[in-house]
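We call the chains A, B and C, going by the order they appear; numbering starts again at 1 in every chain.
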């Protein structure tokens, strides 16, 4: 019996050793897998960076004499927004994001919203004023993000506001903020000054548009769990395809001819609008949201824009209200019809808060930015660049 | 003994618990790893999307007055092809792809083939006709794909046709289909009308070319297992490098000077031709296939194109026969020399089927598309776009 | 007791079986995870390819009449460098990299250094001379890489030279080599010939710049372990942001107006300089390194370049000394202040070796390349391209 007991004890010791080794291997594997998942987020972060610089930057190159400035402004806005947001996050102000890679992606989202905002007064700010705009915009953005997603002031329960791809927090916020800014940052002369494109500036703008379109799935799926990435990606592509087709038909119906600006911009409205429910919609729902967004956005460019500009006495250079404002609101509201068990009150409250914070913030920031003076020649590189 | 037995039983219980926990952890880890592998496919899907839009789209911007149209047509073709293929796949028509991410990648392959096809009649179709072309092309593509890869009608055993990166199924099919279309979609006036580029349209076209070149490894490795991705990628890059060098030497030899169109196009022929065996070739084989493809393609652009156009009484605007047709066939045939244990009969049968289905399909679809009328001004945005 | 023993033995057998199965599953999982990590390196390799072709290629399109040539030269240089380096690595000459994907990334690093070098004499070489330059440059690059990182001649202990993202090995080496080349490859007429940009060539150049900027994190993190990728990426982005802001302020301070060339180039100096310590610096250190690099680079473009060119009696077309040379040296030296426990002697020795090998190599290779003749019309496509 002693012998049996001893041999059994030995066998158990071996087994326990094996089990512990396996346990450690398992833990190690799991940890390494977490790092791998973070690197996949990193890949999507790079895709978003392509959208911020080459995408937004070149979409705005459509202003024919303002290409060097549009690209330089994009560079400066991104270079202000990302370090500033990462600093805030490192200091844990209004909540920290927990991991370095999440912090980077949230910083890119803030930069995207800032670029959208800057599209409204584009061409009427001196280069230094874009930097100043960035420094003032980011705190407002962080405040609204905290109210909607961080349970700020206890207004909206954590997780109750549905906005995975940022239709409201990023797009609508940036666009409405921009509308606030232009109420101050448009002179009387600029009201009547046409914003002109030419054949080459149109081609650059269409290139920027395509770069935005193709990386958009990574924008919406940036923080989504690995198992949800493929479905989210297809939803975004279907929404963009729907918007692209709708834009073509709406453009030719409303104008008689196709407008390159409609194609470059409104085709992207599907990406804006699917943001809120990009991981939750079914394929047909995503396609329909895209069609509605493309049609709405084209209607905005072709019909509404001049009316809104008269109302606000300000020029929305890139038409951000049509591309990001209305389709963003459409996306936020679409959650009410698409998401089962949604806290509808929180969704509507969040949208309302965003409209108020963005409009007020934009109006005040516009007043402050205006104190730094006015650009001499609107929509032209010539007064600020060596030629 | 009872005591011993009891303590042993306890130890065994603990061990079994540990073992079960490890087992579950193992399964969970494996499943999560599968999702991670799918997200890696997603990354390659985004790279392919860059090729479809910014790549193909801007390669076709070389037509100097047709840039807005080329980009818009690209947008519309992609927006028709991908939803349509995903719908087919969701409904399980002629086989389904099993996973959402595979479905997306196969849809992108279909869109690539359609864009190749549309490159042949480019500039002579009204914008709406591109949409119509897409709606008719995709069913033909799906049918051919099913015959070659889905054991359709039992003609080719599953897995017998070797075409990992689509030299035959995607490139040759699209190009030959396009040649069928142009037999109808070229008027007598258009036969003598030069397709002109200028300095800026050339630079945009070279940009599109580079975007195609650099993402090509992801096109070929899209559905390849993780362990085969690095070898496949290097093969594709070696083939593209070989083609690029061969194109330079062939262009200067055949023309006396370098043609920017040769560089923009024939440099890519290595990617087309290595498709069939991209995961199976050795490095030297890949480099040689690339050199042959680049030389053949340049010979096509410099010497054959005008002869083929006279024969078909149609204009191949982008020279898809030279870039995708001949190099695609070269790639499909190269498998016979490179792949050990290849079912040569099936390989040749598959190539033959593709030629017949594509040529017939293209000819019939061209006739149908022609019923929708003719573009007023060939190779010019002006009759369809607001300027 | 026999019964007990038997049942115990059975239980043990089951446990051992489970344990072995788990063990195999663990090993299998780990292996598959290794492949997945390689595919993540592959993704970064594609990002680097975007930098080499669309990035470097289009940054060099700023020369207004030389766009077709700049892009074609980029194609040829990459197509020479990558196969040549992979051949060297396959043959194990001066050390092999162990895995296929590492080999590809190291080949891309070599190609990057070659493109930097070629930026110095850009526009004054015949197309065939770029190929020849590539064939002569790569062996020199490999030799220096072996001395610094491969313990060549036992000069520097393995791992002692800190240069993760290649500030010295890639950037400074390429730039100084290029300065060597231009001492021969500049004629007296070319000394006084202005290198001109125009509005469209500037916009293409800014596009190339942005593509370099946005993919730079993947360049620096290419070979970094998964857990270090996010921190490295943020460091690179902070350095680039710092450089971009510093470039704007330095450009306007030194010139009175903004120079598009400063923005397109010096904004990238942060990426060059952070290379050496990209994975080791803290966020504030990275931001400061970027600011210094951007200011130094702009000072180079605005003030130093003409003095250096007079000294060397050669024209540095792309200003590679300002973008890659000085910021690269700054990066290599920054390790002395930032990296704890650095072998300072080895770091300084490595920098010294690089300067000597690059300067000598460049001077000799320039003499050899000059034997192939001179381009007829500098900075113009016209003598080599069909128009």
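Everything below uses one rule, namely that a residue touches a chain if its C-beta (ideal position, glycine included) is under 8 Å from a C-beta of that chain, and two chains touch if they have at least 3 such contacts.
Since the model is a prediction, treat every value here as computed from it, not as a measurement.
When the CA atoms of subunit B are superposed on those of subunit C, the rotation angle is 120 degrees to the nearest 5.
The two sequence copies subunit A and subunit B touch through a face in which the numbers common to both fall below half of the numbers used overall. Spacing of subunit A relative to subunit B, judged by their CA centroids, is 31 angstrom. Counting only residues that touch two or more partner chains, subunit C has 1, 8, 15, 19, 22, 26, 29, 33, 36, 40, 43, 200, 207.
The touching residues of subunit C, counted against subunit B in their complex, run 1, 4, 8, 11, 15, 18-19, 22, 25-26, 29, 32-33, 35-36, 38-43, 45-46, 49-50, 52-54, 57-58, 61, 65, 67-68, 71-72, 74-76, 78-80, 82-83, 86, 90, 99-101, 103-104, 127, 131, 200, 204, 207, 384-387.
Those residues of subunit C whose C-beta lies close enough to touch subunit A in the complex are 1, 5, 8, 12, 15-16, 19, 22-23, 26, 29-30, 33, 36-37, 40, 43, 47, 199-200, 202-203, 206-207, 210-211, 213-215, 217-218, 221, 225-227, 229-231, 233-234, 237-238, 240-242, 244-245, 248, 252, 255, 257-260, 263, 267, 283, 287.
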